[in-house]
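Please go over the structures that come below.
Here come two complexes built around subunit A, the first alongside subunit B, the second alongside subunit C.
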Partner chain A sequence: MLKNILGKSRQVWTPLARGLSKTSTQSNVAAESVVTASTTKPATLILPQDYAECAPLNRNATRQAWIENTDAVAERKVGLIELHPDVFAAQPRVDVIQENVEWQRKYRYVSMANTKTRAEVRGGGRKPWPQKGMGRARHGSIRSPLFKGGGVVHGPRSPTTHFYMLPFYKRVMGLTSTLSVKLAQDDLHIIENVDIPTKDAQFIKDIIAERNWGLSVLIVDKDFMFPENICYATDELGYVNLMPAFGLNVYSMLKHDTLVLTVDAVKHLEQRLLYQLHRNDATSKGGKFKLDQV
Partner chain B sequence: MAHLRETSDKALKLLRTLPRVQIGNLRPNPNSKQNDKRGRAQHGGDKHGAGNKGSGQRQNFMRLGYETGNQPFYMRFPYEPYYKGHHMKRQYPPISLLQLQVLIDTNRIDVSQPVDISTLCNSGLLNLKPAEMEYGFQLTDEGLDNFKAKINIEVQHANEAVIAAIERNGGVIRTAYYDPRSLHMLSNAKKWFEKGVPIPNRMMPPQDALDYYTDAKNRGYLANPEEISKDRLVLAQKYGYQLPRIEDDPSFAMLSAAKDPRQVFYGLEPGWLINVVDKTIVRRKK
Partner chain C sequence: MAASTKLLFGSGLCHRLGQLTRSLHTQPARLSSFRSSKEVQSLEQYPEVEPVESAAAWKFVERLLPPQTVPRPVAKTDYPSGWQPQKSDGSESGYFVARTKNHMVPVYLHTRFRGQRRITVVRRVQGDIWALEKDLRAVVEQARNGKLCATRVNELSGQIHIHGDYVDVLREHLKAKGF
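Entry: the complex of A and B
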């Protein structure tokens, strides 16, 4: 029902909103204060998508999301943001998400499992018994792999790296797929900023309980310097983590049940991912990590 | 792509009713992983799929062309040097007029500027390997009827029909020779400029290419311009189209732009230096 209302009212608010956004698209807080200079109640923040810059693959799949407040525990819709369908309504390739998770686990994993060969096991230099005349099988060393306590053939040798590089577009597709899945499953929330009023962890706990955010929460902002309050408030909570937008990755998004993005982070992610989707020199990105090259 | 759009919407709608996608419930596509274990017994054991005895099992296949004792086919006839000097021959990878039109329609190529090798390579979809004896692009006639763009293009080889297709639309085509070093510069101009070396002269074509590039019929860059303008009319009459007057065209300056035979880049003279960091050109003193 909500979607219908949005769909119908879109023609009404879009032209007005587009005009508004031209003055300030990025710094939405500033725009709000300018608009609400006369009135006490802050005006709703409406951020339309500029499709002229990047035409979406699917023109019918529009996505809008509420922008929530962070200044109080009680939920209040501060505004509405239109999300780019190529990033937030992309084909949910769960197999590519799985490949990304596997890659993120493996590329940094170095196996330290190790076994000793017959040369490395202590002793075994002397012929255990003469070649002939004993009525026993001929042997040259008590550390041969046939012997108990002997060396191991083709055992694991350390360090073994498991590094490999996932193809460039699979990495991009992993991010867009995961963001789309999170949005589709209502696990993605957008907040106006990360300026919470208190350093108290209880505030974060209350917000999570009040707004039905999942068991674990990943909060992402564009800037890597988070405000003092939210740092103190989330420090004690192991299940709430902060991350700058440049560090956003598939594994962390899936590790946390709920993903919370600020408006700035959404704009930044859209801009970066659309750039990666449309760049024409992506073939050069994988060359360095190609295996079996001379 | 239409089916993709619909399926993505359907899949996202379906995901709303499914459990949360998590690390714990992900798995790869069925049969996408190859099992590298050597199964025993009923799990692919016995001969492990290699058959019983012989070449299949021991991998000792006969060498290619061996006919179990007969004089092999490849040795049956006296020497005929079909491929003599093949590795030395100049290659011209083809791009069709259809491909060119698609590049223009998808904004990969700006037709308000003259098009040359560097424009084509900068599109990101075509690349040239001068080290593998590729001496530039040849324009082929596929999609000739649907070619509608008015361009000023410089390629290394083109046939008569292609020349007619370009000139019919009021465009200009020219064939020009580039030596391997110039081709290397053009194929990735930015990387070459980063070396900080003055732009060298372009070399003249070798003896066996001279005839091609001095011929007005091929629109060679060393041909007499008067002969070329005469041949444009002859070709228009042969193919039966009205030759548009490029002198009256508003973009005449662009259409008539041509490089000097010694010049590698449009607008840059030999001896000049490009500073990529400061985005400046260091010109030669007069």
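Entry: the complex of A and C
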């Protein structure tokens, strides 16, 4: 499989495959295999993990998960999928998860708290009373920080950005840890696809109630174009959200009660995260974050 | 005569240089910013490329490309470097030390205070980390001729910190145990 994957990724280097991205070729293959498997044997969709490419660094046992149907409200086990232990059975680093959440809250936060200095407060240009002869303390301005109604020293100045980048491999570890935690807590469900039969939101509500998916659900597919039915069905429901796999992040996974991944999304996430964990040029992802970098 | 040719030549050079600088300044430099790089044009604007038809020839290009991920080590009976593959899966000892993605034993030296404090760090420990810490401490104390050694265990991140530079000792010990 290593040769297979490398061969596929190298196709990208050929001018022939110029318009295709690596991930799209990758997932087409996965989708095809799923489709063929489901057409020939609709009852059993067994997707074993192939360790030929990335042998698990981790000695945790392979995780297995049921693949559930989406064509009806009643739950049916469509198949079984083996999940890579380095992605779905990683050490639950709660400290790294917390760092990821903090980073996601902070990097987009701009504080607008502002105070005026003695120069910005209106007035205060003239000396309030003469330096000597009044028996009072010497002062040069009524807007001095010593005065009531005066300027503020070292107060907050807006806009204050809190942008920073978490180290790349902490972000990767945040994803693997959170996926592992979600799976261990039985908050991760895998569905065969997102093709639901109706545009009715009640269908989604029924599925959530029937399968105990909890208060909020995040549905992740590999493709960023979701089918029409599920878009209509979840549009009105604020607690059911759709997300493409490239947008998956720690904060959203924790914000939603249940994470629902399609088989394609699982394969894609495994492929991308294992690539990041095994890539040769990992040091290129270290170093300082530069705003100009592509 | 000579002076005039020199002048002509000089003016020609100046002209060329002017052209060059103009082309440099009118063409936005393709730097790494999205502001300065040109937008993607239609495919006709780019030079024609010839698709590689024969897969047999492509393999010669392929072998020049560096591998994207770390390859698996080639199985041999003996490695001249002293490296050896991981043999144990930790089932008999109760703990496991995972190799890194480069197939190395994760034992490192952290130096602080200008080299005055040296800490040996064993990472990627899974399973019974306290049993491993006990074993490693025995090894280090033997290397210190029976003097006690200070250790610290971080169970959450699977790390053991050992006071002093015992990287080689511990790496050899872990390799001997099959990790």
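Definition applied: the second predicted complex is superposed on the first by the 244 of 294 C-alpha atoms of A that agree within 3 Å, B and C clash if a C-alpha of one lies under 4 Å from a C-alpha of the other, contacts with A are read in each partner's own complex, and residues count from 1 in each chain.
We take it that contacts are C-beta pairs under 8 Å (C-beta built on N, C-alpha and C of every residue); 3 or more make two chains touch, one makes a residue touch a chain.
Quantities reported herein were computed from a predicted structural model and do not represent experimental measurements.
**Q** For A:His278 in the superposed arrangement: first (subunit B), second (subunit C), both or neither?
**A** The answer is second: A:His278 touches subunit C but not subunit B.
**Q** After superposition on the shared chain, which partner residues are touched by A:Gln131: those of subunit B (first), subunit C (second), both, or neither?
**A** neither
**Q** For A:Ile97 in the superposed arrangement: first (subunit B), second (subunit C), both or neither?
**A** The first partner, subunit B, only.
**Q** Could you tell me if A:Ala55 is touching subunit B, subunit C, both of them or neither one (first, second, both, neither)?
**A** After superposing on A, A:Ala55 lies in contact with subunit C but is clear of subunit B.
**Q** Which residues would you name on subunit A as touching subunit B in one complex and subunit C in the other?
**A** Residues 57-58, 60, 91, 94-95, 279-280, which sit in both footprints.
**Q** Spell out the residues on subunit A that touch subunit B in their complex, using ranges where they run on.
**A** 57-58, 60-61, 89-92, 94-95, 97-99, 101-102, 178, 180-181, 184-187, 214, 251, 254-255, 257, 279-281, 283
**Q** Mind pulling up the subunit B residues that touch subunit A in the complex?
**A** Residues 1, 4-5, 7-9, 11-13, 15-16, 18, 20-23, 26-29, 32, 108, 123-125 of subunit B touch subunit A in their complex.
**Q** How about subunit A: which of its residues touch subunit C in the complex?
**A** These residues of subunit A touch subunit C: 2, 6-7, 9-10, 13-16, 18, 53-55, 57-60, 91, 93-95, 275, 277-280, 282, 290, 292-294.
**Q** Once bound in the complex, which stretches of subunit C touch subunit A?
**A** Against subunit A, the touching part of subunit C is residues 31-34, 49-52, 58, 61-62, 65-72, 89-90, 96, 98-101, 124, 126-127, 156-158.
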